[in-house]
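Okay, so here's the structure we're looking at.
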Amino acid sequence: MIIRKKILLGALVGILSGQTQAGSEIETLIRMLHDNGTVDDAQFERLMDEVRGGAKKIESNAKGMNAQKDKSTDVKLIINKGGIQVKTSDGEFDTKIGGRVQMDAAWHDEDGSEMGNGTEFRRARLYLQGKMFHDWGYKLQYDFTGTGRGGIRDAFLTYNGFDHIEFKAGNFKDPYMLQEQTSSKYITFTERALVDAFASGRHLGVMTSAKYKNWTAAVGLFGRGVNTASKSKDEGWGVAGRATYAPINEKTRVIHLGVAGDYRNTGDTESVRFKQQPETHISGVNIVDTGKIAGVDNYLHLGAELAFVEGPLSAQAEYVWTTIERNVEGDIDFNGWYVQTAYFLTGESRRYKKGKFSGVSPKSVVGRGGIGAWQLAARYSTIDLNDGNIHGGDAENMTIGLNWFPTSTLRFSGSYVKTFNINGGVHDNEEPGLFQIRGQWAF
Amino acid sequence: MIIRKKILLGALVGILSGQTQAGSEIETLIRMLHDNGTVDDAQFERLMDEVRGGAKKIESNAKGMNAQKDKSTDVKLIINKGGIQVKTSDGEFDTKIGGRVQMDAAWHDEDGSEMGNGTEFRRARLYLQGKMFHDWGYKLQYDFTGTGRGGIRDAFLTYNGFDHIEFKAGNFKDPYMLQEQTSSKYITFTERALVDAFASGRHLGVMTSAKYKNWTAAVGLFGRGVNTASKSKDEGWGVAGRATYAPINEKTRVIHLGVAGDYRNTGDTESVRFKQQPETHISGVNIVDTGKIAGVDNYLHLGAELAFVEGPLSAQAEYVWTTIERNVEGDIDFNGWYVQTAYFLTGESRRYKKGKFSGVSPKSVVGRGGIGAWQLAARYSTIDLNDGNIHGGDAENMTIGLNWFPTSTLRFSGSYVKTFNINGGVHDNEEPGLFQIRGQWAF
Amino acid sequence: MIIRKKILLGALVGILSGQTQAGSEIETLIRMLHDNGTVDDAQFERLMDEVRGGAKKIESNAKGMNAQKDKSTDVKLIINKGGIQVKTSDGEFDTKIGGRVQMDAAWHDEDGSEMGNGTEFRRARLYLQGKMFHDWGYKLQYDFTGTGRGGIRDAFLTYNGFDHIEFKAGNFKDPYMLQEQTSSKYITFTERALVDAFASGRHLGVMTSAKYKNWTAAVGLFGRGVNTASKSKDEGWGVAGRATYAPINEKTRVIHLGVAGDYRNTGDTESVRFKQQPETHISGVNIVDTGKIAGVDNYLHLGAELAFVEGPLSAQAEYVWTTIERNVEGDIDFNGWYVQTAYFLTGESRRYKKGKFSGVSPKSVVGRGGIGAWQLAARYSTIDLNDGNIHGGDAENMTIGLNWFPTSTLRFSGSYVKTFNINGGVHDNEEPGLFQIRGQWAF
């Protein structure tokens, strides 16, 4: 009787898990009828063979058919974080619909230049992501805060026919900088550190990457971005690569080391510009700004990354060095770095996966009687855009932030950024401060 | 035997309803085996306990697990009006994909100013709406007739952890004006009445609302709209509130009373403009238009609403009064009102729910042998934008309309609008008329 | 026992097919219990009646209910090509989410005019397509490479209450030209032939079409396109019709004949312009271009189509003749034609369906141990935009192409286009060549 109880419970687990494991339902009943003597031993054996063998046979028939025709059978439906996911249980197809919205408000302590207080949708994205015929994957993500092609974010095709190795073609981020690789959903503060001025963003390109538990490597060749308008000029191109090593990679303990390089040839545009707001997107004021640097043949970013997680504590630092090769005038170099730390008051750990950070699952959830996850964070950040005849300015800032994750899908963040030591550029000697909040949901 | 029959039928209802009520399926079988004597009384009791207790236990296990991990179990799939809905049967998650398309054509009897005959997509929207972890909700709606951020419509997060009380943050309509609160899918004519010139539309803000069967109340604090470009200026802000009371609120009998106020401080823009086309969106001609009123510190709209439903008959009226406070010149006041009535020839009633009107479900459906719902409607509408040194014009119009709802998802509308008594402004004494049709589907 | 085995297998087929055919599951068990003598003959008869009669009764109850309320029961979920499809098993509702992405890169052999090498997203579309209340259908498709209304592609409502006859209203392609009717997903080369300069594209309009196995006919009345900005001018209008006949229409053998005409009245714009890039979308250079032809009252395109499929071989040719009626100056005529052929090295046949070509299902799939479908193709193409006082130029080109379809959802194409004999226009005597590649996924 105890055995039967376990079997029935086992079947119920299957049934209640919402997956159509009809096989085990039938099996349980056959077992029960057998236990009761309604089904004799010989019948029981035959029936079980039929249930299992039949399943196998039908599946392989289905396979045979599917080689000719698209598959429409044996599908699971998952509601996950408020989005929708559908997948076939044979792992051949998988489609997800999801997105993110970030709503920001900011108030500025002006100090010289006028900055605009205000509210905005920072990001409002939807994506479809899928797996097709086992080996192929795609993603199409659009940000409704952009216009036309300018709103296309991740839009790529992958081939995953080899273990650990992925080939990717389309529009995606150059493999460069830890804070860039980490999704905007999962960065510690509302905005990335000042050195994000050197981020290349996304380009149309091809990339090969290897992802193992303790290390990753990626190298890619890139064309232009999706929104480059000048169609009758040759576009620039770039090569970027990144390697990471995690000597420790456990659930609550991580050490991450990384190096990356990103080279861009400017093509016919022969120019580049680096600029940055004071770690906000609302002020409308670039506190450092090189303006358009002309006569540029190419530029190269090099970066070094360091990060760790130890229980609720985590820290992350990056140094970026950029050199610009000009046709007539001499080369110029810029650089910047930041170091940040964060602590979960509620005991969660920052999640790390394959060379970047991921989201948090609160230990207790608001809506199920919990209080969510609470995190304190601080950052020091600096950038230097002064070199040669370019006076873009250098700047430093300190940020303190508080994050509340009521559920794994929600985030409310507040932070105060104080900028100081602006040296050179239009905003020389200004010391603006700002307070900003964000409401975010991702589904 | 009769009892068993009922039980089996009951189970079949559950099964055929497409919901995976696997529990009751098993129960039915256990009952049947018990009735047949295959399962004895003691076994029966134990089995039923297991089925039910097991279900409870597994569910709570699942809950425990889900506090750590996102839920992916026990999901229902609903195709509803042509959209897609997925929800978990425990009420924790619910995601809907839907939208609306409105295709218009208009022909103008010009009388003075040239108006453009033509066709257009008035609205083409998709939305994702969801419930997450029981207490949280979101909506992200985009209108493809807009550009970039300008296409973002409803985009908000709600907290619904308290009965009847909702907290909302994001982009949504100020709580003001019955015809504004009623979705464009469900308004009686193709376009809202002339006083829609005073509608505030959507802003980024926060709102608290209470919704009971017989009354609703809402108050919100708002920043700018999603598409305001001037980022380095302080934005204006606003406060709006609305209260409604329905002394009678039955399925086919409703009396609705409402009052609302909407205050906007103009911030650094220090200006406002009110204008209106002759209840069309295609003519390209504003028959009343204040132009840009400068030196404005703030303005306040006040509105009074009255509506009723009595079987197939319904009526609705609103009065709006607007006062503008200027820095140098004196204050100015505008106003407008309308009264409209509609009658379902096919006997349906206009649906009312929590302070606004909703869609119609035809008694008979085209596609299932029916003729759909047919509705006749008439409206008188006026607006006065003349005051002080502002000569925006005042105007009146009469509209008659015919709506056909072949199904609950479809609507075809035709209406004729005659404008008269334009007094002041650029279109003084013109009397344009127009005929317009709309095809609409909402899914 | 053999019979029971078959029944059980039959039930398992139903269960494993992922469709909730709970009825047959219950039936199988009743049969099994009957076979075992647990259920006697009389009970068996009654139970089966209940199962089947009950099913019928409940279904009709459901129907009755659904006349009042939208249906939310008995739904199938299909993951198909990487998109998502949901439909009710009674055929009343059906909703699909899908899309396509095309990523291009091109390199030009310039010969005179500078052409831009580069990469771009050619198309990035999502669509929702649905069936509502059996007789009604809709599609809403958006191309994220467009801006605002300019990104709206197919957006229409259909009535399908009559067999073979469809009524359509909304934004869709004029019924004209075989290569236009064939989706950009399924055309043989990366871009359509030069005569695509005469394609009308999509307009807001209404159309009636008949589709039979061996012939199709369609005629429509059209207003403007979705993106026409000048709202206070009367828009032009058009009438278009197309008839096709397929004396042979088998799976691997097709003969297709077609004729079509497309008339456009220019309305208040009184102008038209025809131009074409050298069968690419990246060069930014129109090798033939009439410029804006003024004083145009109307123009008419006439086209003749011919195509065949014979096993892996297929061919297609079209001739287009265009005449422009001008108010003051005399009429002018343009024309163009192309002929192309393609051969599947892997033995597939080009699919033909109701007057247009469709996609290919590779005989073997990459990801299931296969190599996909491989196709070679060649095209000769010409256009003449010289007539009267208009010197737009005439041009010829030859293209060879290779297509690889690793799966039914994927396509990689490479082609080389050599343009020659440009005669007249700005690019007189130039002979540019270009190599372009495309990666495409459709889901």
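We just call them A, B and C in the order they show up, numbering each chain from 1.
One rule holds in what follows: a contact is a pair of C-beta atoms (placed from the backbone, for glycine too) under 8 Å apart; a residue touches a chain by one contact, two chains touch by 3 or more.
Quick caveat: nothing in here was measured; it's all calculated off a predicted structure.
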Give me the C-alpha superposition rotation for subunit A onto subunit C, in degrees, nearest 5. 120
When subunit A touches subunit B, do the two copies use mostly the same residue numbers, with over half shared, or different ones? different
Interchain centroid distance [CA atoms averaged], subunit A/subunit B, Å: 34
Where subunit A touches two or more other chains at once, by residue number: 20, 25, 29, 33, 38, 77, 84, 97, 147-148, 151
How about subunit A: which of its residues touch subunit C in the complex? 20, 22-23, 25-26, 29, 33, 38-39, 43, 46-47, 50-51, 54-55, 58-59, 62-63, 66-75, 77, 84, 86-88, 92-95, 97, 128, 130-136, 138, 140, 142, 147-149, 151-152, 155, 157, 161, 169-171, 204-205, 223-224, 226, 228, 230-235
Contacting residues of subunit C [partner subunit A, same complex]: 1, 5, 8-9, 11-13, 15-18, 20, 25, 29, 32-33, 36, 38, 77-85, 97, 99, 101, 103, 105, 114-121, 124, 126, 144-148, 150-151, 282-285, 361, 363-368, 370, 406-410, 439, 441, 443
